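The letters A, B, C, D, E, F and G name the chains in turn, as written, and every chain counts its residues from 1.
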Amino acid sequence: MTASDSEENKQIRFDLTTSPHLHSKWSTQKVMWLVVASLAPSIFTSLLFFGLYQLLIIAVAILFAAGTEYALQVMRNKQPTILDGSAMLTGLLLALTLPPNFSLSATAIGSVVAVGLGKQIFGGLGFNIFNPALVGRAFLQAAFPVQITTWSKPHLAVDTISSATPLAAFKFDHVSTEIGPLFFGNIGGSLGETSALAILAGGFFLIAIRIVNWQIPVSMILGMIIFGGVFHLINPAVNPSPLFHIFAGGFLFGAMFMATDWVTSPITSSGMWIFGLGISLILVVIRLYGGLPEGVMYSILFMNAFVPLINRLTQPAIFGIKQGGQNEKSY
Amino acid sequence: MTIKTFRGGIHPPEYKELTQNSVFEKVPAPGQIFLPLTQHLGRQAIPVVKKGSVVTAGMLVAQADGFISAPIHSPVCGTVANLGKQITSSGFPKDTITIITNGQTEAAFMSPMDPETITPDDIRKRVADAGIVGQGGAAFPTSVKLTPPPEKLIEFVILNGCECEPYLTRDYRFMLERPDAVIGGLKLILKVLGVQKGIMGIENNKPAAIEKMKNYLRDEKDLSVVVVKTKYPQGAEKMLIKAITGREVPPGKLPMDVGAVMQNVGTAVAIYDAITKGEPLITAALTVSGKGIKNPKNLIVPVGTPIKDVIDHCGGLTDNAAKIIVGGPMMGAAQYDLSSPVMKATSGILVLTKDEVETKQETTCVRCGKCVEVCPLNLLPTRLARLTQLQRYEDAEMIGITVCMECGTCAYTCPSNIPLVQWIRLGKQKVFRLQKERSASEN
Amino acid sequence: MLKEQLVEEGIVSEIKNSVATVMLANKESCNECSAKLFCNPKGEDIRGLSAADPIGVNVGDRVIVSLGGEHLLTAALLLYGVPLVILIAGILTGYYLFEKNTELHSTFLGASLTGLYYLVIHSCSRKENRGKKFLPKIVSVEHVNPSTKQ
Amino acid sequence: MKKVIRMILTLSIIGIFSGGVLSKINDWAVPYIEANKKAATEKAISLVQPEGKNYERIKEAPFEAYKVFDEQNNLIGYSLVYEGNGFQGKIRLMAGVSVDLNKITALEILEQVETPGLGTKVTKEPFTSQFNNLITTPQIDWVKGVKPDKPNEIQAITGATISSKAVVAIINSGIDQLRNFHDSGVK
Amino acid sequence: MVLTFIVAIVTMGGLGFIFASALAVADKKLKVVEDLRIAEVNEILPNANCGACGNAGCYDFAVKVVQGKVDPSKCTVGGQDVIDEVSRILGVEAGSSTKMVARVLCRGGNAEAAQKENAAYYGPQSCSVQALVGGGDKLCFDGCLGGGECVDACQFNAMYMNDNGLPVVIEELCTGCGLCAKACPRNIIEIHPVDRTLFVFCKNHDDPKTSKKVCKAACIACGICARKSDGGVVMLDNLAVINYSKLDISKIPLDKCSTKAIDFVHADVQITEEKIPAEVS
Amino acid sequence: MELFLIFISAALVNNFVLAYFLGICPFIGVSNKISSAFSMGLATTFVMTITAIVSWLLFNLILVPYNLEFLQIPSFILVIASLVQFVEMFIKKVSQPLYRALGIFLPLITTNCAILGLALFASMREYTFIESIIFGVGAGVGFILALVLMAGIREELELADVPKAFQGAPITLIVAGILALAFMGFAGMI
Amino acid sequence: MKKQVTLSKEFLKGLWDINPIFKQVLGMCPTLAVTVSAINGIAMGLATTFVLVCASLLISTIRKLIPTQVRIASFIVIIATFVTIVDLVMKAKFPELSKALGPFIPLIVVNCLILGRQEAFASKSKPLRALLDALGNGAGFLLALFVLGGIREIIGSRTLLGFQVMPNGFEPWLIMILPAGAFLTLGLLLGFANLYTGRRDRFEKEALQAQYRSVGKEAVFQNDPSEKS
């Protein structure tokens, strides 16, 4: 065993790793910050429509999310990884699903729950089953159902739409809202969800740079057109058109930013289709027959629970093994 | 014409421009060479020389041990200095014959034969005697591949000219510089196997080579060129067969099970040379490239030349060189000992720079599914790696860890920078050990 | 994803026509379970189980038995799924058929239809080999009984 | 065989003992339970018909309802027990109704499984007291977020609109039933 | 009232009767014979299911003990208490077990073993993985990699990594279960009877010249120990190997071994009785 | 429609496991294999349906007429137990292989408070005969759903880095909590 | 190995060492369902304890008379009888409570805790020990129910046993009295209980190792060949 003694080799320490020696340009950290960037339009519209106070909500949510992540990782003697941005993203997304002028202390609780119960208790990034931000929001909705359904009027409302959200208005008062305001966002609703324009801008950006798997938003929208359409055709007087379903409430926001969460969505593309269609189906049922006006959050969480089953169902057959034929191993 | 390909895969930057126009350059033998006894898959060769033996170029120094093995010939004239151990590009010490060269250039090759009149059995014997091993990377003894069991019906021979690994341009140069040898080799292979149909698979990023080969094959009705998509790992046996024929080689099965035999372009050249010149496999054609090397080149080097000498021949390392790889960047092995020699199947020596190999922080798997999407064999790399980490080898076995060909596609694409291949390789090893134990306990 | 099976460890006590009787020890978790009244009304500590033996084990070997595996679902559907449907269908039919003592009668109808179904199953599964695939399978030998090794 | 007999005997004896003991304890408990039930109904009736002193179940009605009398045994109204679906499950309530069925005297929720702290507000003040002396013709209606300005309107509880609506709907259909029953002539 | 009473009694008694009959039938049909002692023995065993006894877990052991196929003393984990108790149940003579312990047969820690000069390993810090990638940072291809996989494998907390990067077995806690030995990719850990004290603490098969370069604690295959030992030590492929059946310790010239590759175990890191703080032992 | 509502209510809105906390033991102890979970769930549904039928008959044809409501608990228990025992023996007679494939599931987890709870709920709510059968089936389907979802999640969690103290029952309960949150979306549907 | 333990231990073990909920994870259903408030928890705990004690006492008294084959069936019938008694008494004397605990009183029958204790203990022990064991386990169950109910009541409705303990400014978390809150709280409680015991065990082990290590280190350096040569 003769280690080479040549002069120049001594200065260089060669890295020993296995192949491959090239890597793509992505890193989790980069991805997370790009998602944050793509949320900028939504943040901007939320401030525009609901006032600067919302910045406080966002700040509190991010701060507590990151703080919880840090504290729990330190407690588990793990290398803190808050800089990978995923906790902050969770906080930001949580904030954007809250109603305007929501209480800051409740926001903080939601953030702590989102990261603590939604993510870290499963082992941290990548191990959670449910979308953490939505776990936080669902917790808040169950803990403070009245506050979280109290909606402030947007500053820039064109007419005197009451503070109720389009969906609540539809559900309880059978008032439909025009697509125009729905699209631009000067309506009642959660911070990030009101402006479809801003969401689509961010969403298309993410799809374009291949962070978001296009299958999920597309299948959700398609599903909504199918299922919403069927109900609409059955009884147009009671059931709104699919277009209304798509632009009202958190549908687009959920489709672009929340159902697409890598961790909690299926890993195969056929799985993503099932996932998206499932969300739409459940959403339509909840919106039309449930007691609650909105169900994006619940349908995403519900389908999150199905993801392990979907993954198993859609597991690709190993190359060379015909679909269905089991790799029968005898030993 | 639609460009054929397979599902999955990636397209890393090619970096072929560094060497694709550099003509093969012959490198003289250095003062000392190392001939490891395992330059091929299979049983280690048995030395037939002793310390102090004098050898000439082309002389047999170690003979094959059984069917799946290959003899080794001295590429130089000189004296056997030692029979000991030497670290090889695998990173582990292997039994090695060390030869001090004496600068003489005479050669003792076998007698040339006429490719037109030669019989299949003679070809087979010559290929075995010449110690030819697959030049595509796996270094499988070629004579074995050319001796399929009689019950297997071989329908075509595919010549693999994909060279899908970034940086490497050896096969490309072969096709440009020695088209006659490539075609000649292919015809010899067809002859051995008694097959009519010969196909060359070439990626569409090598238009010059495609052009050239098509020109040469214009009059051949049974030989053709199939252009395949530039995509890694297009050159992998299973993938290329799938792309060209649409057939899938099942796990644990060989190409011959679906009627194909595949050889690398370089292998064809080696066969041609062994027949027409009587030259055993004693040189390695390789690409020396990468940003960490001063003058990237394509070289023809005597087997056994230490990597260091090859690098020196190319002007040495740049200041920011950080990693030396033998083979391609996707499947090659990192080196730490530059005295390790060039071997029969070495296809490239790459030197990557600091900024290229900078290890990004590894995070946990975010289940993005990208690895699943790109795995050409439809495996679930993330799960294989995780199960190995958790030491659940049986489960890993159930979902096909042993099928993985370690192409590295998954690890390339993983945004979390998980060393997936490293884990999978470990898992495979453990599973193989388990399987061995199992069969032992059954008997 | 993972090939699924419910596995139990046990010791082979008898082998006949490559069907082995395997003794399973009650797991600790069984101790406290109130379902014991139904699952193990006699409170035995050991249960016997027949398992197909594709690998050739010996008496005394400690083996892993996989319950079901691929055919588990089929078996469950055959045994519980279909009869459930028949039972309910029978009862619903009976409910509209009978005038007096409806409940009792329709229950009888449902139950007898189900019984009929089971009879069909019975005659089907008497053929030796058809049933064998449903048997739990011995998948591996954990420990070879040293006394039978020679 | 001896074992079998012993098994059967043991279990039968334990069963017999169990049956016997329980029967005796039941004999003791039944009067109390009956009394409790009666007291509960009485209490509810006295709550929804404060003036009532006496009551009598309307046996002919296909639902639970009572005639309520004052000290002089004059009929002063009815107590109607009716149920329907709320937000989570059944809501069962008792409403006191005037003799002409045009006014509610008071409302008492008997059973519900609404969300504690939210839907359960319908069982409490100030929601229930809105029903005191509420006009029932035309049908009771509800408003949201604003003070009711009609005599047949109540204000729904914020965050529990569904439960509030459910209560209104149950009373409305109950009174309809009572009215039909009334109109069909049986007194 | 009386009627209710009677009906109640009849109902419950009848139900009891039916159920008991069902059980009786089932008892006949689904009969299992069992040796009650198996359960009894199983209860006594430590239930660590470690396999130290050579059986597949404690229950297996219980079955075999009751069947008389193995000796109760084979359970070394439970200690003498358990053996005595099991023997009492079975009415056999209590044997005594020799305690087995794990021995780490490599002393090439960070201080002794030479490092590869040009290499820096990146990746998971686990022995098995390092062993795959060029054999880790050390030059020796047979020595301890220092990743501590064995320590992680030990369920009994009987191991730790010392500051020199070598695993240490705490003899008192070690049950001899062999999990660590199984985990080690380099096969450095072996299980030996506790009273066996002389070992060759090296597994390197390199030729003398190389092994000298590779590690200060390596067996350099000089063969001195073998020559004097009358077969107690033999040289196998450049490594001294002790043949315990022929070993006569007094014949081994321990002080002649220049690297101390052959040595007593307690001269090393193992803890002897006196050194243990009182509360622990 | 009423029947359909009973079904949906029992299966989704008022899921036995997630809203009524019945059958938590098998839910926590459920095997992490999906097809076993499904098979167990199916067996449970079968027993639940039979239970619904028999307990209705017992209650309405014997206990009520003879004023024996107080014997509800012990008699339900005994009847269900003997029934399960009979079914087991019957199935064994019918098809040895099938029985052996999963006969042990029948009693293994089929009997827990969910079964008795079902019988009690059905009699408490004074369901009609058909209603209680549908109720039984619905509860069983809900049980399958909860069990299978949990099994899938468990399988996934085996790969996760759950803190040691939270492995097993705690994380299962927390997942159940989040599932219960998700099921709240169906609230108000009945 | 079964060793005779002192009578007081027989009682105390139920409180923590083998606490039915925190350690054995038994009888989850009533635990989750009834603990919307502390008082409900206490009532349920008492009812369960009553049944447990009576059944244990009776069964350990007649344990020799019951053939093993019908052992479990007999236990269940006996337990069911006592549960019915509790149910009837509650209905007669505490109608409000009976309503609050709903169908969960009958379900005590299938509470795994009770049968488990009969199987594991009462059927093998003398009445006195069985009594103590039952009391201990009952108390442990009660304690756990009280803790869970207390937490849920305090956060979910600001009160404890009906008295307001949280300031008015505190907005009660409705979720705590919903099913989801029950699962989450119990999950966290169990986790923290494990954390506590795990920590304790780990500290013990670490302390032990550290002691060995301190000795071991010396030995290594004494014997370092590099120093010697």
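The definition used in the following text is that contacts are C-beta pairs under 8 Å (C-beta built on N, C-alpha and C of every residue); 3 or more make two chains touch, one makes a residue touch a chain.
Small disclaimer: the values here were computed from a predicted structure and weren't measured.
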item	value
Shortest chain-hopping distance from chain B out to chain D	2
Greatest separation from chain A - chain, by CA centre	E
Centre distance in Å when chain A and chain D are each reduced to the mean of their C-alpha atoms	45
Computed distance of Cα centres, chain E from chain A, in Å	49
Interchain centroid distance [CA atoms averaged], chain B/chain F, Å	60
Distance between chain centroids, defined by C-alpha means - chain F, chain G (Å)	24
Numbers and ranges of chain G residues touching at least 2 other chains	26, 69-70, 73, 76-77, 80-81, 84, 88, 109-112, 174, 178, 180-181, 184, 191
Sequence positions of chain F contacting 2 or more other chains	25, 34, 70-71, 74, 77-78, 81, 85, 111-112, 155, 159, 161, 163, 166, 171, 174, 177-178, 181, 184, 187-188
Chain E residues counted as touching two or more neighbouring chains	4, 8, 11-12, 15-16, 19-20, 23-24, 26-27, 30, 116, 118-119, 122-123, 132-134, 206, 210
Complex contacts: residues of chain B adjacent to chain F	364, 383, 386-387, 390
Chain D residues touching chain E - in the complex, by the definition given at the top	3-4, 7-16, 18-20, 22-24, 26-27
Touch list for chain G against partner chain E, complex	1-2, 69-70, 73, 77, 205, 208-209, 211-213, 215-217, 219-220, 223-226, 228-229
In the complex, chain B residues that touch chain E	84-85, 91-93, 333-334, 336-338, 359, 389, 419, 422-423, 425-426, 429-430
Complex contact set, residues of chain D against chain G	3, 6-7, 10-11, 14-15, 17-18, 21-22, 25-26, 28-29, 32-33, 36, 40, 115-118
